[in-house]
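The chains carry the letters A, B, C and D, assigned in the order they are written, with residues numbered from 1 in each.
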Amino acid sequence: MLRAAIIGATGVVGQEFLVSLNRHSWFEVKRIAASERSAGKKYIDAIHDKNTGIMKWHQRDPIPEYVKDMIVEPVNDIKPQDIDLVFTAIEADDAKVIEPRFAEHIPVISTASAFRNENDVPILIPGINDEQAELINIQKKNRRWKGFVVPLPNCTTTGMAITLKPILDDFGIKKVFMTSMQAVSGAGRTPGVAALDIFDNIIPYIPKEEEKVQTETMKILGTLNNGSIEPAHIKVSCTCTRAAVLDGHTETVFVETEKTCGPTEVKKSMLKYSENVSIKGLPTAPPEYIYIHDDPTRPQPRLDRNMNGGMTTVVGRLRKDPVFENGIKYVVVSHNEKMGSAKGALLLAELLKEKKYL
Amino acid sequence: MLRAAIIGATGVVGQEFLVSLNRHSWFEVKRIAASERSAGKKYIDAIHDKNTGIMKWHQRDPIPEYVKDMIVEPVNDIKPQDIDLVFTAIEADDAKVIEPRFAEHIPVISTASAFRNENDVPILIPGINDEQAELINIQKKNRRWKGFVVPLPNCTTTGMAITLKPILDDFGIKKVFMTSMQAVSGAGRTPGVAALDIFDNIIPYIPKEEEKVQTETMKILGTLNNGSIEPAHIKVSCTCTRAAVLDGHTETVFVETEKTCGPTEVKKSMLKYSENVSIKGLPTAPPEYIYIHDDPTRPQPRLDRNMNGGMTTVVGRLRKDPVFENGIKYVVVSHNEKMGSAKGALLLAELLKEKKYL
Amino acid sequence: MLRAAIIGATGVVGQEFLVSLNRHSWFEVKRIAASERSAGKKYIDAIHDKNTGIMKWHQRDPIPEYVKDMIVEPVNDIKPQDIDLVFTAIEADDAKVIEPRFAEHIPVISTASAFRNENDVPILIPGINDEQAELINIQKKNRRWKGFVVPLPNCTTTGMAITLKPILDDFGIKKVFMTSMQAVSGAGRTPGVAALDIFDNIIPYIPKEEEKVQTETMKILGTLNNGSIEPAHIKVSCTCTRAAVLDGHTETVFVETEKTCGPTEVKKSMLKYSENVSIKGLPTAPPEYIYIHDDPTRPQPRLDRNMNGGMTTVVGRLRKDPVFENGIKYVVVSHNEKMGSAKGALLLAELLKEKKYL
Amino acid sequence: MLRAAIIGATGVVGQEFLVSLNRHSWFEVKRIAASERSAGKKYIDAIHDKNTGIMKWHQRDPIPEYVKDMIVEPVNDIKPQDIDLVFTAIEADDAKVIEPRFAEHIPVISTASAFRNENDVPILIPGINDEQAELINIQKKNRRWKGFVVPLPNCTTTGMAITLKPILDDFGIKKVFMTSMQAVSGAGRTPGVAALDIFDNIIPYIPKEEEKVQTETMKILGTLNNGSIEPAHIKVSCTCTRAAVLDGHTETVFVETEKTCGPTEVKKSMLKYSENVSIKGLPTAPPEYIYIHDDPTRPQPRLDRNMNGGMTTVVGRLRKDPVFENGIKYVVVSHNEKMGSAKGALLLAELLKEKKYL
């Protein structure tokens, strides 16, 4: 059993980690850290507001027994030598300071954006660009770290990148136009999206999101050459919006391919990819990596986001694009808090362990 | 005053007509028709369920006084010679039969799709393709009608076509990718969209909608040559979705232009178009035909749909597209039940009267 | 294994039955019936619209394998001698005709209201008024039936009646004021509640609901004397509203008791009842029959409706009522489609089997 | 013209004041104050986030021209001698300090709760308890103030108190049970209610709300005797919940009356009260003070909250209560941000001016 610490354990993503790691066969949560306000308290007390009686636990699953009596520590009290790896669930600004402190000694699996754009840091989606994990060795050397930092991408990148990968492999990709309709949980909870803003509404803007998705997609689908990642030669344009949906990002994707392809070929390509995906058999891997609906009313975020515990990327409405000479369009739903966040980070940790990086 | 009949007066669109025509300075509602069930009753009784006490009136504005005591007639009892024009608010299948019966004698302004694809029928958006109204003369001749049928486009076409027109005029257009997030009111009310289906959800499919929008846009932006419309040489690809929004269709648009252009030029182009639009001064015309937000969080359907009584097309997030060599992307909100439906049809009638077609 | 038929197998409640009975240890679904339109088709085809490709399956769980190839029959083709019991998921008008036809020969567990007000028919909530099951014998004798009909109450009655029972037993009840905020799934799906009506809204009226809840509660909490049920001497007043919630009815309850009681006593009373409830150990019984939150922000329908598969009645905000000399007020959430419908009916069947009525 | 200051002019309630006072015939906004962060800026700049381009204006009406270039001041820079009255839109803790500073010199109309429970401070609903305004004289004497503070009640009290008043006058009241389904706008905007908490949900708890409503209702409906208010001898019990509604509080009310009464009598009583209400003719007074629906599906917050600019209290579902010997029950919708907040405060100022307190 590897000993893990969760940094940011009281927030929404931190809670997701606590649930996902409950009775995990490879990792054990040994230390949990949160802000000064919570530090020194038992976890169950840290999320309980004594004055109002309100319990700040935001998961559908109940609080795992193992964590209830664990003491929340200030992050600086957690010594790298006491643990084997760290999962972070914190904001980018904090991550910039905290993650290197651990990475000097041990591996850090991060849900923050702080290091995504560094040259010696891969953005890993388990099952998509595993070979970029090699960059870890260069990162360690560069920075003289014993550990390393590997971040997940932004949760909006995940579903699109996973579905583009088989298309890229089999048909080549020139251009991508994507419009996202993102769930409110993607904005977190402090304060998150106000009901007053999103009820009966669409908000057509999420700061910096489009740039992140465009850049990350090209990096993830790129190739590792001589110790650095050459971004994929794909042009990506996004419009990211917020919709009145609790969980699950929905994306409409229009793809110009190099070679001709229709819905049948693309379906076959995605399913073949799904069946042969590298992460098969890992504890948190779903039975289906990609699922494709023939029912044209699917995927829908409410009905499809929780497929296989939110770890399956669900596709539908595959059809020829009428504009591109060679092109395909489709809709994808991906669970932003599961495959796109803590559970995806856990799957990544499993992959890295299997590949001996942990 | 021209004497108008409303066919389908008890439905949502019919009610919108009744409200929009209240105290209108050019048109007077003289006859109203609805299904057999309502026929013979006073309007106020036709929309009142005596058993339950429920009033089936779906507008925010109260029922106009003038219509309360009008008798709802079976459509066949309305004689064309008693009226000067007809507004229809009925399904396509009924429209196919009913509209020609009136058009033989008098003008029919239609919100139905029945005749949109006929060669001698223009799809008119007042202010966009007024010159295509000339096709009316050919239609009358072809069909030996004294009147004619002119339909509005599908409500999803309206906002996109209005915003593409200035771009087309000033920069030329090659390709368009559009994703719509459509309001539930666009699906009507019998039964319309079930709460069970759309709460906390996106439905990524609206039957036949994408094809309609693609075809109608090219026809509307086409040119009238030798008595027939040559569709614009624009390639359009849409993905139409239903969102948890009451009113107002939101659309993300990616446009490849012939000439180079940036947000500043396109904003200028749209505003210039808006200022010089043909319909200025008509009773139902809005002070601003197109409005452009600089605030990146706009347009939002709840905040922007009702601008100028729902008659303004509201644009925002104008920015250079990173994929096309020459391209622009933006978001548009258009009120599907106002400019996109009954009020748009009324504005069209005003335009046709000004141009002496009525 | 008892052989069961589901009447109304393609509707929402029917689908709930199919899922709940999947791999059940006591009952096996042997026959399924639905309307003429579906009859003769495989189940998987009956719920699949070939023209549009849409699958009319409304459960979160996938379609159970066992039912996919079963043939949907017209109800008249199902012979009572081929089965041991019937679950009905049909409208009251149909139930009036269909249920007696089966009850003549075999037991009918009903979710319809058709027979609830008959003198020789008990309305059973498993765990609350099991002793009223004795009325079954009188019903059989009266009607010369070999089988019988036992209905569940209206789904709005369930949560309130379950929570009133321990209070009645321990402190006596004089008056009850209840306001419900009911989920849209309670109105079914054809057509159900339109999004246009309930978004950003409360509808303060559900036809006949208040009268049903008032009458049923008194009957359920009444006593069986000399072969008939004497309603409880409780006065109940309800206001039933529809809220923008998918599943789970929330009810605020104000109770005037005979004896003095405070939140501590009532909590104790409810928990004691829950621990000793008769249905413990039945296959569909939840580990907790009643659960009580101390967190004042609970119960919430979205967070609490699915506790123990929707079979637990969840209570919170227990506090002394400031108006009554002796009184308590609280909030209750009960899953209208689980304990309040098909799964509650299954639990009832289990209870009746244990008591040898099946 | 009286010169007014708005304290808290950048918040939601402050903005409501700015809109309501636009072109008012009696009052003119001369000074506006907000937090340090905004102080010194033009109003239009204070609500504009330069970094993101986002405009923090939360009203449907556009920003009134008159305020755009006004300078936002720190509250301490506003001298009482420069103005004639103050409207406050601030939190209770700030109000405790700021309101007396102004009240020493000039009248303060407050939307805050800071002084509601003081013995020499009336809680005024214009049209309901105007005679309690006399307490102002005692307050001034007690505190040696030239001005005074008069608060509105909590927005949840308003609709209920307005509808109870005619019942109290005509039939007497013993007990009241009320359940509220409150709009999210009632919780303000910083941070207000998170979408993650209220989508597809009911939150059954609003801290301190029930106590406020119970106490305020009794004070408002009480009588002024010898310089102090004797609370009405009414017992009130509330359960206050938050619903997925943007604006407009819906309340179900069960009333035990002294004398017998039915829906017809109560309707008559309310309408008579409405017709003779004291505030008739004031600039902000609605044509109908109370409106009563016969349609049992009304009032609904989305359809009824904006009646007469949100100043009408809308009632429906009047029916005899089956539990009380003499009793009535009904549903009421009141706009929490209009009659229940800034616009109600403005109406109160108009009343006080007419009565020469200003």
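Annotations for the structure displayed:
Simple rule for what comes next: a residue touches a chain if its C-beta (ideal position, glycine included) is under 8 Å from a C-beta of that chain, and two chains touch if they have at least 3 such contacts.
This is a predicted model, so every value here is computed, not measured.
The chains that touch chain A as well as chain B are C, D. Steps from chain A to chain C, minimised over paths through touching chains, total 1.
Centroid distances from chain D, each centroid being the mean of CA atoms, peak for A. If you average the CA atoms of chain A and of chain D, the two centres end up 46 Å from each other. Work out the mean CA point of chain C and of chain D, and you get 42 Å between them. Among the residues of chain B, those touching two or more other chains are numbered 52, 199-200, 244, 246, 296-297, 303. Partner chain A is touched in their complex by these residues of chain C: 52-55, 60, 199-200, 294-298, 303, 306.
On chain D, the positions that touch chain C within their shared complex are 175-177, 179, 181, 199-205, 214, 235-237, 239, 241, 243-246, 250, 252, 254, 296-303, 316-317, 321-324, 329, 331. Residues 52, 58, 184-185, 189-200, 207, 244, 246 of chain A are the ones touching chain D in the complex.
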